[in-house]
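Sharing a structure below in C-alpha cells format, with a few things to ask.
Lettered A, B, C and D in written order, each chain numbered from 1.
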Amino acid sequence: MAEERLTFRATRWFNTEDPPTPESLAGKVVALHAFQMLCPGCVSHGLPQARRIASTFSAEHVAVVGLHTVFEHHEVMTPDALEVFIHEYGWAFPIGVDEPSSTGHIPRTMAAYMMQGTPSLLLFDAGGRLRWHQFGRPDDMAVGAQIAGLLAEGVDGKAGHATDDAAKLGCDAEGCPVPPR
Amino acid sequence: MAEERLTFRATRWFNTEDPPTPESLAGKVVALHAFQMLCPGCVSHGLPQARRIASTFSAEHVAVVGLHTVFEHHEVMTPDALEVFIHEYGWAFPIGVDEPSSTGHIPRTMAAYMMQGTPSLLLFDAGGRLRWHQFGRPDDMAVGAQIAGLLAEGVDGKAGHATDDAAKLGCDAEGCPVPPR
Amino acid sequence: MAEERLTFRATRWFNTEDPPTPESLAGKVVALHAFQMLCPGCVSHGLPQARRIASTFSAEHVAVVGLHTVFEHHEVMTPDALEVFIHEYGWAFPIGVDEPSSTGHIPRTMAAYMMQGTPSLLLFDAGGRLRWHQFGRPDDMAVGAQIAGLLAEGVDGKAGHATDDAAKLGCDAEGCPVPPR
Amino acid sequence: MAEERLTFRATRWFNTEDPPTPESLAGKVVALHAFQMLCPGCVSHGLPQARRIASTFSAEHVAVVGLHTVFEHHEVMTPDALEVFIHEYGWAFPIGVDEPSSTGHIPRTMAAYMMQGTPSLLLFDAGGRLRWHQFGRPDDMAVGAQIAGLLAEGVDGKAGHATDDAAKLGCDAEGCPVPPR
C-alpha cells in the first residue's frame, strides 16, 4: 500500500545547509517534486513549475522540495552529475537524492509512494498528509488552486470549508485528480 | 471611491440566454474579465486565461463573466463586431457589453471599479465582495491560488483559515497583490 | 485558372504614402500575406511571421505586403476597423484592403489567386512570378529558406542553381509545398 | 587563426554506423551544432533547432552534425552520459564527441573554430568553407535563409547570384552575422 504521510529518504542534499525533514516541515504545505535530470518532461515542465511554486507562495507557508528519483541509467545520473545540473540550470530550492533501494532499481521514496514515473508532483497538507499525487504535466492553474486549497485548511486539515473545497476540485478519499478539461 | 461589490451594467449579452446578475451569482466566486476585442494583451493572455479558469473550476462554484469594456475606438469595437470576434475565437463563457457612459468614453462598470485598462481581472468572493483586482497579466498559478483561496472561505468570507490564507498571499484590506517574484 | 503573376487590387492602403504596385516592386522578392483581422490564426501566427520576414530580410531586396482579404463578416471588418487593428498591434509594413467583388463575397485578389482561406502566404520571385502559395501555418525555417532561395535566383529566375534548389525543397511546376516533416 | 574549413575530430559517434567525415560530406551544406548536454540553451533552443534543420531540408543536400563540445564539468558530461541524453531526448542526427585536448579544457574542434561557447551553430557551404558562425540563439527564419542561400550556390560557391545573396544577408569575407532586428 502506498505511503500517505510525508516522508522521504535522501542520501545527499543540495541547496540547503539544513536538510528538510518531515518534522521541520510540519505546519507547512509541502510540494514534493520528483524528477530525473535527463527526463525531458522534468526539464521543460516539472522543474520550472516547481520553481514557480516557490516564487508564487511564501516560503513561510509552502515548502518546495525536489527529489532526484533515479530509476534508470543510474550510472550517469549520479549525485555529482546532479550537482552540475542544478548549478547550470540554477534550481534554487532544496533537492535531495532519493535513497537507492538495496533490492531493485526504484529508489526508496519513489517506491514508497508508488510513483508512476517522472515528473511527479505530490502535495502534502500542513498536517503531513498526502493530498494530491500527479504524474505528468498538471497545469499551473490547477496546481495553484490545490496548494491554496491546502493552505486554507490549516494544520488540522478539516477547518473551515476544506471538505467542500476538495469536492469542488473533484478530490475523493483516494486523492485529487486534475479537473477534467 | 471605487466600487467594492459585485455589480455590472451590460447592454447586451452573448453566450447566454439567462444573463448573469449579482443576485444570480450569489454564493459563487466570480471571475470578471474586462477586455477589448482589439487589445493584443487581452487576445493573447487575458481571454485564454479566462477560458482556463472556466475549464479548471466547476461552473457550480466559480462563474466566469466577460465584459467588453470599450474605452477607445468605440466606432469599430461595436457589439456586432464583438459578436463576430466571440464566434471566430470560440469564447464560450457569458460576455456582456459594458454600458456606455453618457458623459465620457469610459463605460460604466469599468469606471465604477476604476479599472486601469484592459485586460483586467477582478475576483469576487461568494459574498459578492471584490477581493482581487489586477490590471495586466497575472500568471496562472497566482490566479488559481486566489480563486481557490476564495472558494475555501465560503459565503461568509470568514470561515476557517480564510483570513490567514489571505495573509499568506499578501492580501490586505484593500486587495490582494500578485506575490512578488 | 489561378493568377500566377504579382498583381493586387486594393481600395485603400495603410502604413505607406506610396502604395506598392507590381511595377514598383519589380526586382524584389515579394511576400504577400493575406489575412483577416478577426482570424485567430492570422493574429497569432501569420501576421507575426510577416513581421519577422520584414525584420529578417533587407527591405531593399524583400518587400512584405499585407492584404486584408475579407471574405466573411464584411460589415464589421471594415477598413476603419482595420485601421484600429493595425494601430493597436503595431503592424508596420504596408497593408492594403483587397477590393470587394461586385458579384460575390470573396474579394478580387483573393479570388484571382484562388486562396483557400486566411492566413495565406504567397511568395513571388524578383520577376513577379508566384513561386510559393501556402494556406495555414508554414514554419519560419521553411519560409526563410524559400525566400532566400528566391533571392539567390535574381531577376531572371533561372540563374545559378535555382532549378536545383527548388527541387531540393520539393517544388514543382505547380508550386512549392512545405517539405514534409 | 580560426579554422575556416570543415573539419572535426571526434572520439566516438552516436546515431550513425558510418561516421561523417569532411570527405563524406563533400558536396553537401553542413550544419554543425556544438552543444553540451547540461547547457540549458542547448537543450531548449539549439538542439531542437538542429532537429528542425534536419526535418526541413533534404538529407541529400543538407547534413546536420551534432558535436558534444564539453569544456566544463568533463567528469559528468561523459560519452556514456551523452548516450543516455541522446536516447532520452530522441535526437536522431549523428552526434560526435569532440576530442579532448591534451593541454586544456577546451576540446579540439571547439578550439580550432574558436567557438565562444555553447550552443554554437556553424554552417559550411558545399565546398566545405565556413560561412556562418553563431554563438547563442539565432532564430529559425535566419537559419533557414542562410542554409538556402548556401544551397543556391552549389559546390563552387560562386555560381549564380551567390555573391549578391550573401550581401543581401549582410555577410562579408569574415562571415555572415545574423541580420539586425
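Going forward, a contact is a pair of C-beta atoms (placed from the backbone, for glycine too) under 8 Å apart; a residue touches a chain by one contact, two chains touch by 3 or more.
Values in this document were obtained by computation on a predicted structure and should not be read as measured data.
With chains reduced to the mean position of their C-alpha atoms, the one farthest from subunit D is B. Between the Cα centres of subunit A and subunit B there is a gap of 32 Å. Once the centre of each chain is set as its mean CA position, subunit B and subunit D turn out to be 50 Å apart. Taken as a contact graph, the chains are arranged in a single closed ring, with each chain touching exactly two others.
The part of subunit B that touches subunit A in the complex is made up of residues 52-53, 55-58, 60-61, 139-149, 151-154, 159-162, 164-165, 168-170, 179, 181. Taken in their complex, subunit B has these residues touching subunit C: 38-40, 43-44, 73, 75-78, 80-81, 84-85, 88-89.
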